[in-house]
Structures are given as C-alpha cells and as structure tokens.
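Going in written order, the chains are labelled A, B, C and D, and every chain counts its residues from 1.
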Amino acid sequence: MTAPRVPVELREFPEPDLPSGGALLRTAMSEVCGTDVHLWHGRLSGVPYPIIPGHVTTGTLDKARGELKDVEGRPLKEGDRLAFFDVHRTCGKCLACTAHRTPTRCPSRRVYGITDSATEGLYGGWAQKVYLEPGVIIAKLPDAVTFADYIGGGCGLLTSVHIIERAKITLGDTVVVQGAGAVGMSAAALAKKAGAGLVVLIGGPASRLDLAHRMGADVVIDLDSTTPAARLAQVMDLTNNIGADIVIEAAGSPRAFEEGLGFARNGGAYVIAGHYTNTGDSTINAHEHINRKHLDIRGCWGSEVGHFLRALRVLDEYRESVPWHEIGAKTYGLTQINDALAMAESMVIPKALIDPSA
Amino acid sequence: MTAPRVPVELREFPEPDLPSGGALLRTAMSEVCGTDVHLWHGRLSGVPYPIIPGHVTTGTLDKARGELKDVEGRPLKEGDRLAFFDVHRTCGKCLACTAHRTPTRCPSRRVYGITDSATEGLYGGWAQKVYLEPGVIIAKLPDAVTFADYIGGGCGLLTSVHIIERAKITLGDTVVVQGAGAVGMSAAALAKKAGAGLVVLIGGPASRLDLAHRMGADVVIDLDSTTPAARLAQVMDLTNNIGADIVIEAAGSPRAFEEGLGFARNGGAYVIAGHYTNTGDSTINAHEHINRKHLDIRGCWGSEVGHFLRALRVLDEYRESVPWHEIGAKTYGLTQINDALAMAESMVIPKALIDPSA
Amino acid sequence: MTAPRVPVELREFPEPDLPSGGALLRTAMSEVCGTDVHLWHGRLSGVPYPIIPGHVTTGTLDKARGELKDVEGRPLKEGDRLAFFDVHRTCGKCLACTAHRTPTRCPSRRVYGITDSATEGLYGGWAQKVYLEPGVIIAKLPDAVTFADYIGGGCGLLTSVHIIERAKITLGDTVVVQGAGAVGMSAAALAKKAGAGLVVLIGGPASRLDLAHRMGADVVIDLDSTTPAARLAQVMDLTNNIGADIVIEAAGSPRAFEEGLGFARNGGAYVIAGHYTNTGDSTINAHEHINRKHLDIRGCWGSEVGHFLRALRVLDEYRESVPWHEIGAKTYGLTQINDALAMAESMVIPKALIDPSA
Amino acid sequence: MTAPRVPVELREFPEPDLPSGGALLRTAMSEVCGTDVHLWHGRLSGVPYPIIPGHVTTGTLDKARGELKDVEGRPLKEGDRLAFFDVHRTCGKCLACTAHRTPTRCPSRRVYGITDSATEGLYGGWAQKVYLEPGVIIAKLPDAVTFADYIGGGCGLLTSVHIIERAKITLGDTVVVQGAGAVGMSAAALAKKAGAGLVVLIGGPASRLDLAHRMGADVVIDLDSTTPAARLAQVMDLTNNIGADIVIEAAGSPRAFEEGLGFARNGGAYVIAGHYTNTGDSTINAHEHINRKHLDIRGCWGSEVGHFLRALRVLDEYRESVPWHEIGAKTYGLTQINDALAMAESMVIPKALIDPSA
C-alpha cells in the first residue's frame, strides 16, 4: 500500500538478515480488517506509506536466529504453527506502560501492518513472509485451532477479549451488542461464554445476522429495517423495562453511541469499543443518560499481551461451538488484494482473508 | 412551598401523634440548596406540593416514642444533637436495592423536603420541628461538630463522599473539579483529604474562589474570565501534558461536561455528579474522548446511608482544616425564607441556611 | 427437629391466619443440605429448637392475602410455581446492610429452616406448606426449570453464584475447585459457564466424580486415592508450572485450605466458601503463601437477593447442559426424613431431597 | 558485603565506561533497611555475593552518556538531584509483566543492592557512585524534597504506597497498622493521608511510638507492654465492637498475622506486607477469620514504577506534615558501615542511613 486510495501493488523484497532473537514467519493467513480499510482511505494519521498491511497474521516458523521461545519460555522449532502479538515495542517504561497500567496508550507502541514502513522490513501479513523482530510476543497455536479459526477471530477477537474484561459480566447479565462486524460478532460470542444470560445483537446488513446468531446472540435485531424507537422498545421488553446490564458498542457510529445509552439500565455499564476512527460527534444528555442512571461508560482501546494469550485459550476452548472461521468469509491471494479491499470496504462480508500462497 | 414560583408561605401544623419508634427533632438548622431552587422553579417532576422544603437538617431530639437508637444500636436521649439521613423508605427489596446494589435508584425512595407532601406530616427542615418516622437512619453529631459545620457541608458533602468513592483516587493523583457550588467545594476538599496531590477547581463566580482555595483546591481557575482553550492549556501545563488522573463534574452544565472530557488523561476517570436536572444536551466525540482515551465515565446519583455516616466521620476529622461552616454564608429565619430562596437562586453565595428559631 | 441428635418428629400444625401480604406455599420439594446435618449435630449456635428444617424450598402458591408480587413487581397468582429467598428480615438499616454492603452479615438476618422456631410458624421446607411472610423475596420459576432442577441446585447453587462473583473469573482462567459436594459441583459448573478455560475439581468420594465431570469439571482428581504432593504436581503440570488463576475452597476442611494456597499462582485469587462451621485450625505460611505470592484470599459468606435471582437465570440458561437435577440423588417423603438425614450425614450421595407429598 | 555474617569490606572499583544511555549517580544518601539485615544474615536465596548493598539511594547526576531523560521524557542534566527505581530489568514480556499485571513477580526482575554482583558493576548505594544502566527509571527529586526526606521514606515508603493501593481505603475508614518499622510508619502516615479516620498503630519498641504518632497514627499501642487480649479489646472498643475496616500487617511476625485477623471487621480487608522473609508458620481458623467474616486478605509484594513515582509526589505533598526524615535516625559514613548494620540489626532505631561522603 503505497498511498491512500491508490491500488495496492505487489512488490518483492529480499529476505532479511536476521539478528539474534529474530525470526521469519511463513504466512499462512492474514486478514483485511476495518483498520485496513481506514488505512486505505488515509484516515489514520502518521502512517509511513508505503506499508505492508496485515496486522493479525498466522503461519509457521520458517527460520530463527538463536533459540526462539514462546511467552511462557517454551522453545519453538521450525514448522511450529505460530501466532504473534501484532503490537510491538511497547516501551514498558513510560507512564502509560507503568503507573497508568494502560499499555495500549504507550506512545512508543508500534503495530505490525500499520505503523512500520515497508522500507524498514517485512512488518505486515499481506506477504509470504513476516519478520518477527526480537522481543515480539509469540505463541504456538493450540493443536486444535486452525489458521482459519485464528484469522476468523483475528484482531476483532483480541479486541473483544479486552471488551469482555472491561464489561465485567456477571452470571445471568443481559448484554446488548451494537454492531455486526468482526468485533461485534466476537463480543457477542464471548459475552455468552462469559456468562451472559441473554445476548442481543443489533446490526446489519441483514445477511450477517444469521452468523451473528450462530456466534452466540440469542436475539438479533436488523438495524436497517427497524427504527431506534422500535429497538429501544424491544430491549426494554426483553428486560422487563429495566434495561440491559451491559451494553457494548462495536459499531463505530455516533448514532449507535447515542442509542446505546438508552439501552443500559440504571447502574449498568456501557463499553465503547467501536470508535477506532473519528466518525463524527454524538449528542447526549448527561443528566438523563449518565448522572441519573448512575451509569459507567468505559472506553476500550486496543489489546494487551494478556488479551492475545486469552484469545488463544478462548479459541481452543470454544472453537467447536463458535464458528469463528466463518467470519473470514472469503479468501484472496496476493494478486487479488485490491478485490479483497473492495470487498471489505463494501461490508458485504464480515471479513476477507489473505492467503499469500493462494 | 405551595406551588412552583409562588412565594413560600408560613403555616402552622399541629404536633403529630408519634407512633412507636417515631420521634420529633427540634430543628437547629436546615439549608437552601440547589435542589430547593429547582423545586421552586418546578423543575422536578412528581413533587406533591404543598411541601415543607429542607432535606438536610440538624437539631436536637425533642421527644421519642419508645427507645430510639442510632444506626449502630446505641440509645439516644432527649437533647442529643442529631443528624438523620434524609432519604427514607428505600425498600431494600427491589432490584435496585438488592441485585443491582444501587439503592439510590430505588423507585420507592423518598426524600425529606422533596417527595413528601406537607399534608402527610412534618417532612421538611424549614420548620421548627421535623418528624422522624420509624426506620429513619439517625446518628449523633460528633461532639466537636457544630450544627453550622454539618449544615455547611449539607447535602453537598454527602454527595461528595459518594463522588470520592466513585472517583477511586490514588495517592498523588491530580484531580480537576468543575464547579464552585456546595458540591464542588466539598468534592475538592475531600479529594485532597483522600490523597490527591494536586486539586484544580474551575468555577465561579470569582467571589467564591477564595473559599474554594481554602477548602482545599491548590489551584482555582475563574470560569468567567478564562476561555475553554486557556483552561485546557492550564490543565495540560499543570500535568506535563498528560491530563488529570480524575475529573469531577459538579457544575451541572452541558458545556462543563464537554470541556471536562478534554481534561482527563488516557486511562483516567471522569465522575459526572452535577447534572441533577436536565440542563440540555452535550456534543461529544466518542472516538476522541472515550474510546481512544480508554476513559472511564462514572455517573453518580444521590447518596447512601454509608455516605451519610462517612460524612459525619469526615466532619469530625477535618472540620478544623476545612471551613465547611463558611459554605453556609448567611442564615435566615423562617420569616425570611423567600429572601433566602432568592439569594440561593442568584448564586451570589454558595449556600443560604435556615434557622427556624432566628 | 426438636433437639440435636434426636430423631426428627412429624408434627401437625394448624394452617396459619395470613396477614396482609402473607402467603402460603404448597411445598413441592425441599432439600437436606450440609447445614441441616450441622443443625442435627447441634453445631450451630442459637438455634431455637424445635425447628422445621428445610431452608431452600420450592412449590406452588397455595393462597395469598392481598396481591402478591414478585421482586420485579409482577403479580403472582395461585398455582404459580415459585421459589423464595430463604434469607428474610435482613434489616436494610444496619452498618452491614448499608455502609459495609455486606447484607449477609446483618445481625438481624433470619433464615428459613434455621433461625425461626416451629413455635413461630411454618418457617421450614420439610413441611407440606411453608408460610411466606410479608416482605419475603419471591420469584417465579422459569417455565423450563423443574422443581428438581431448582432443588438440585439448591442452596449450593446460590452460594456458588456468590462464589463466582467473588472469584472474578476472566475468560480462559484456570480454576481449581476443592470439594465435590453440592457447592463444589455448582461452583465447577458456574466457573466453566463464566468463562474458565480449564476447571479442575478435587474431591471425593470417587463415586461423585463422574457427576462432577458432567457438571463441568474438565479434570477431576480423587482426593482419597492421591497424595497432596501428587495433587500439587498435577495442578502445576496442568498450568505449565504457573499455578491456577483462581482456587475455590468448597470442602470445609482445614487441610483443604492449607493445600489450596499452594495451587494458586502469583497474583491469583483464592475464594474460601466451604467453612460454614468450625472444623479446626489451619497452619499456613504468610510469607510463602500470601505475601510473596501477592495473593488475594476472599472469604464468601451466604448469599444475597441478587445471587438468588441470578441463580434462577442460570438454571434457565444452563439446565440442559448442567445436570443439576442429578445432585439431588434421592427423594424422601416426610415419613422418611430420618433416613434422608442419615444419608446426608453419610455423604454417600451429594444431596437428599424431601418431597412432602411423597 | 562479601558473604553472610562477615564484616562488610570497603573496596575501590574503577569508574565504569558508560554505554549509550548509561549514567553515573554521585551518591548523597543510601539506607540500611531490613532487607540489608536479611542479606547479611544470608536469609535471601540466590544472592551473588560479593554485592554492594543499598537498594534505595539518591544523589546527583554525575555524568551521562547521551541524553538522559526522566520517566516523563524531560531531559536531565548534570547536577540534577535524582532518585531512581531500584528494580530494573523487569522484562515487560512474561506472563507476570503482561497477562497477570503483577510485574513485581517477574522472574527476570533485578534489584539494585540485592541481585547484582559487585563483579558486574556499581549496582548498590553503599558506594560513592552508582551505575545507572540504560533503561533504569529515573526521576528528579521535587525541589522541596531533601535527600533526607527521600531516604527517610526509602523502600518502606514505596512499599507503603503499594500497600495503600491494595488497601483501597475509603474516607473515614478505621485502619490498624501492625509494625513500627519503616514500612509500618509510612503505612500509618499514608493511610491517614489517604482519608482514614482513625489510624491505630501497634508496635515496638516503645521508643519508636512517639515518632509513629507524629507520622500519623492517632492511637499507638505498645506491643511489648500489652497482651493480645488487651489489644483486641482496645481495637474493638475504638470501633464500637465492629472491628477495623482495614488492617495492614507490616510486622513480619507469624503472631502478628494471627492477631490481625481478629482486628478486621466483617467484610473488611487485611493487607499482608511484612513477610518478606519466612519467619515461620501461623495457625488460623478459616471459618472464624475468613469465611464467616467475608474477609479479603491481600498479599502485597514489592513495588512498581507507579509506586515509585507516587512516592515522590507524596513526599512533595506531605513532607511538612510527616517527619519522614526522622525515620532515618542516624547517618553513617562508609567506614562505619558495620556499625550501621549492627544498629539496624538491633532495631533500636527505625533506620540507619549511609552517607558515602561523610
């Protein structure tokens, strides 16, 4: 991706010399996520184009210089099926990393496929090989988890693990999820697995809602064919006029934020996790929606190493009952990347995958 | 108070027959708070006019039928200097009281001076005697706490104890308080006493800011003589461009809410406690102010028994270093109540007091 | 039950006159739980023998005086299948109920089947009818939940809902449960449903472990055929030598508490919920087990209204995948109560049920 | 310190070549803390004798290679008065650092004055100069904070900042602190500054209790002249028979842990922070002290960068009202180090200081 709004080009790079502790991953699968569409639209600031997109990626260990270990200290060998945490160079020293315990806000934070220029190396998954620099957090995929499971979950799954941590679901809670993208679908699945009693997902297009239901939403509401008033009435009806214990915003729309405040019960919680870019302002009433409701609103940015590791445990545990692999609805080869981007932009399918060997 | 916008009348009521467990308080002092002004403006719904206003009130035990005990089970006797928790009949049975642990949202909740008609009895402090119905939570004023200390703190102090609980201040935190009314002043005082390192209070009119400083604010910023940009710049300058750890909204203005979001640091917290009535909508950006900041916003409604009891401990502990008695800037007799209301409405002084024997 | 260690007698009582708001429940099922065995052994102090045992009980509404409503305000009618919260008269006024937010420690707390003498009324479930005094928290059984599901869960399920709240499980956590009684089995089930990745249950006798496995434990360890060292080795092996994220003590043995401290990882949590009576002292090392481990130990006493309501939601949600009805392994009529007690005492089965119409 | 129980020797080392990002501190003051006595007794495992003891140390910047910055990114210059976080090389990658959010349990964690051999460099404060390796967290001492203030607080202050975070004090709480050493004294001071209403410190020898009182304890109890029963009676008397909201163990004795469990109220919290070495087992009753009390026990190990930074803010804020400099009761030169160790071992004074230029 050489610049915003310009077709992505295929380029060849020499295989890098590995420093001690560095490694190469042979890419099995990467994804086209909403962030990639934002990158292509030029909506993220400070991106050092040209870049190799593809932040969450999986594959096999091609080669390593020195002994490579996973995050729990177990040695890795060539051919191992790996995932790695796409956020690297979090400094561990700044206020965000230490005193504030918010490493996702570390100013030094770098993310594969987004913040590293192609001139610096193979830092993106839309490529046959990915450079794993020393210090990158690496884990083996559990034996039963396929590449398609992992990439189907992808960055949306990691984000959702963080969302669920912030949501603090208690057994039997009613949870409303706004958004039927990769984040919303995983959030609905994980809310259910974390003990929610009733999960309601609101989103569109309608073609996605069957999958949302199979992911774990007990009730799905089609955003396009309902009015805000009808949706509010339905949520109140489902909760005996009390409102939802937890609302999760994974839609990225100012209107969704305004609407979600109405779904939450007094003393409930609302996690805001869909606004990764600025899509405009919301108009809300602090008296009605926050103060009198005694409401908690919790922003949720990015994901940490712990969320990455838990995502792997989650896939291992629930891959049979949650069809993550179906989120990655269609797979494209490197020569079809612009088609994949167009498909992701159109939102017709939840997610397009990239298989560099296809 | 027979109706909104009509001068308050003086009426005589017969002394009530006390049921078992009931008592009469001889009023020493009550207050005119912002809620009373709202009552007079008719901005609260469902108020059963005529009412006897005055929700937070103190005095001496006049008489009791049967043995009266304080909340810790210690017997009370006539002449004891008492405070009582103005919220009564919280049901203890509904979802808000039990499963949701938000008793301030109990639908059965009644509040002295607000929700009980004068036709039902002496349920307000702007009177020589107040009826303490069976079950009302009563506590002795600590010996060193004067009536003026207690009423100077008043409902704003109770609210502030709750605010500080929600704020979860850590030693050394920088706290910005928005609002120089009775709530804002107590919140600034308590933030400091709860371990805040730097407390910045933004409010007006300028005449109040000296008291705000003596209450505990290290830095006071005059709302009327500064621009939003200048205030933001000052907060960022005071925090090495990081922003405040905690922001407390006690201003009740939609603009204050919009502005406060900018003061908070990444991963910080913002407590919304000033919007007790609807003063209009705010326009905010969910991406910039909540999601990317990984911010916690916490509504804070009313106060619980525990906050009332802690308020008494707080007064006992800090009355020498915090001039709560100065918040109650002027005292009025029963015949001057309309003057007192006018003074409270004008916001010239932080709080007008009522002394029924004056 | 007229006195400890004396056979339980069958007595007839006149049907009570109902006060306004009072009701009678026609008992469908009650249970014999560990507390009933303690009652019979005389190990609880202050019990006003004679009592009608049976604290958690379910049945149909026989009659009510005045309109009876459930906790969410919906009217109830004769024949409705009901559950009620066995803890009544929690005062809602004392420090425990208010400031400390620990209503299970309210000194006024009364519990059906334990604290109310048979001379006061039908306050126990080992009877054809149970008096529901005004103010008792009542809920309809969800349509799909059978009496056997509800009583199979019983008080152990309510306790477990509280345990899981205290445990604060995060998705993917490894949880070790100590104890294969009604509490341990429900705790294992709920830990799994609340998102635990691996649940290990340690207990006995071996005959219960198959049910424990079907309740949700991924791994079951037979207490009787293993050594403490072997159990520790197994837990460490299952966790890559890190230890369990969460340990739940539901065994009630001083040795279990000592052993459980070793299972927890650094920074983990240990919930103590099995010591409802004093079974002796434990010897532990504060350096090794608490301070250096940076461990959280959380006592968990009784259950609150919210846990009761969540238990009903939990049964509705998971009754198909969790065989709660099997915990109540055998059902006895009123004439067989002493057999039921003997069976419960022997611990051969997880729980004996009482069906007064059998 | 060449080996346990052998007099400490004075040695000269060449000034090191600084790598890029490295620096030298000219030592102004270091301390002899309880850990140093443990080091000298050989009670810590894996210590690479010979070592240069002295973990918390302060002084001025002597020289730096490259631009040296503080933790908030502000440049430092020669002569600046500095403190540095004695814990270095926490990896930021392992489970403890990431997923578990317990960096004080990182296996790679190194601590100045304890874990680094003198053969590796100037890694201890009992020396004229200290090597600040690249990546060490450095902060300027606030202008008003003297070296004696900082070292008087020392490691006990950092530990106490962590303790107070774990204690989660609410305004007005009653806090009991066990121990009159450097940790106990700072914990009492900070509990008070964090909003505790009544702080009771139990410790000895009696000669320290006057300082404990001036540090912030409202009530001091002499451990040596009272019985456990008398102490319990006094705590219950001070709390109207309810017990303390928070108990802090900073005594390091198995008996203190046993005793402290009795001081805590139902639903209270007990922070265990004094058991840095194994001083033997405690015998406790899980029913009486944990389960029925619904108690939280929280181990507290080491301190994090955030605690170091907050300690500096705390010193800046409270140095006038809390006599931290008096904890460092006596100062010794490098030639008197064995006297200083003997004095620390005898526990006659709370802390001995080391001034290498004296």
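The rule is simple: a residue touches a chain if its C-beta (ideal position, glycine included) is under 8 Å from a C-beta of that chain, and two chains touch if they have at least 3 such contacts.
Keep in mind that this is a model prediction, so the values were computed, not measured.
Undergrad: Does A-D or A-B have the larger number of C-beta pairs in contact?
TA: A-B
Undergrad: Counting contact pairs by residue number and requiring over half to coincide, which of A-D, B-D or A-C is equivalent to B-C?
TA: Checked against B-C: the matching pair is A-D.
Undergrad: Quick check: how many Å separate the C-alpha centres of chain A and chain D?
TA: Once rounded, the distance between the two centres reads 41 Å.
Undergrad: So how far apart, in whole Å, are chain A and chain B when each is placed at the average of its C-alpha atoms?
TA: Centre-to-centre distance between chain A and chain B: 43 Å.
Undergrad: What are the residues of chain D that contact at least two other chains?
TA: In chain D, the residues touching two or more other chains are 72, 95, 100-101, 242, 309-310.
Undergrad: Provide the residue numbers of chain D that touch chain C in the complex, in ascending order.
TA: These residues of chain D touch chain C: 95-96, 100-102, 104-105, 242, 249, 254, 257, 265-267, 272-288, 290-301.
Undergrad: In the complex formed with chain C, which residues of chain B make contact?
TA: Residue list for chain B touching chain C: 71-73, 90, 92-95, 97-101, 135, 137, 304-306, 309-310.
Undergrad: Provide the residue numbers of chain C that touch chain A in the complex, in ascending order.
TA: 72, 74, 161, 164-165, 168, 170-172, 190, 193-195, 197, 240, 242, 309-310, 313-314, 316-317
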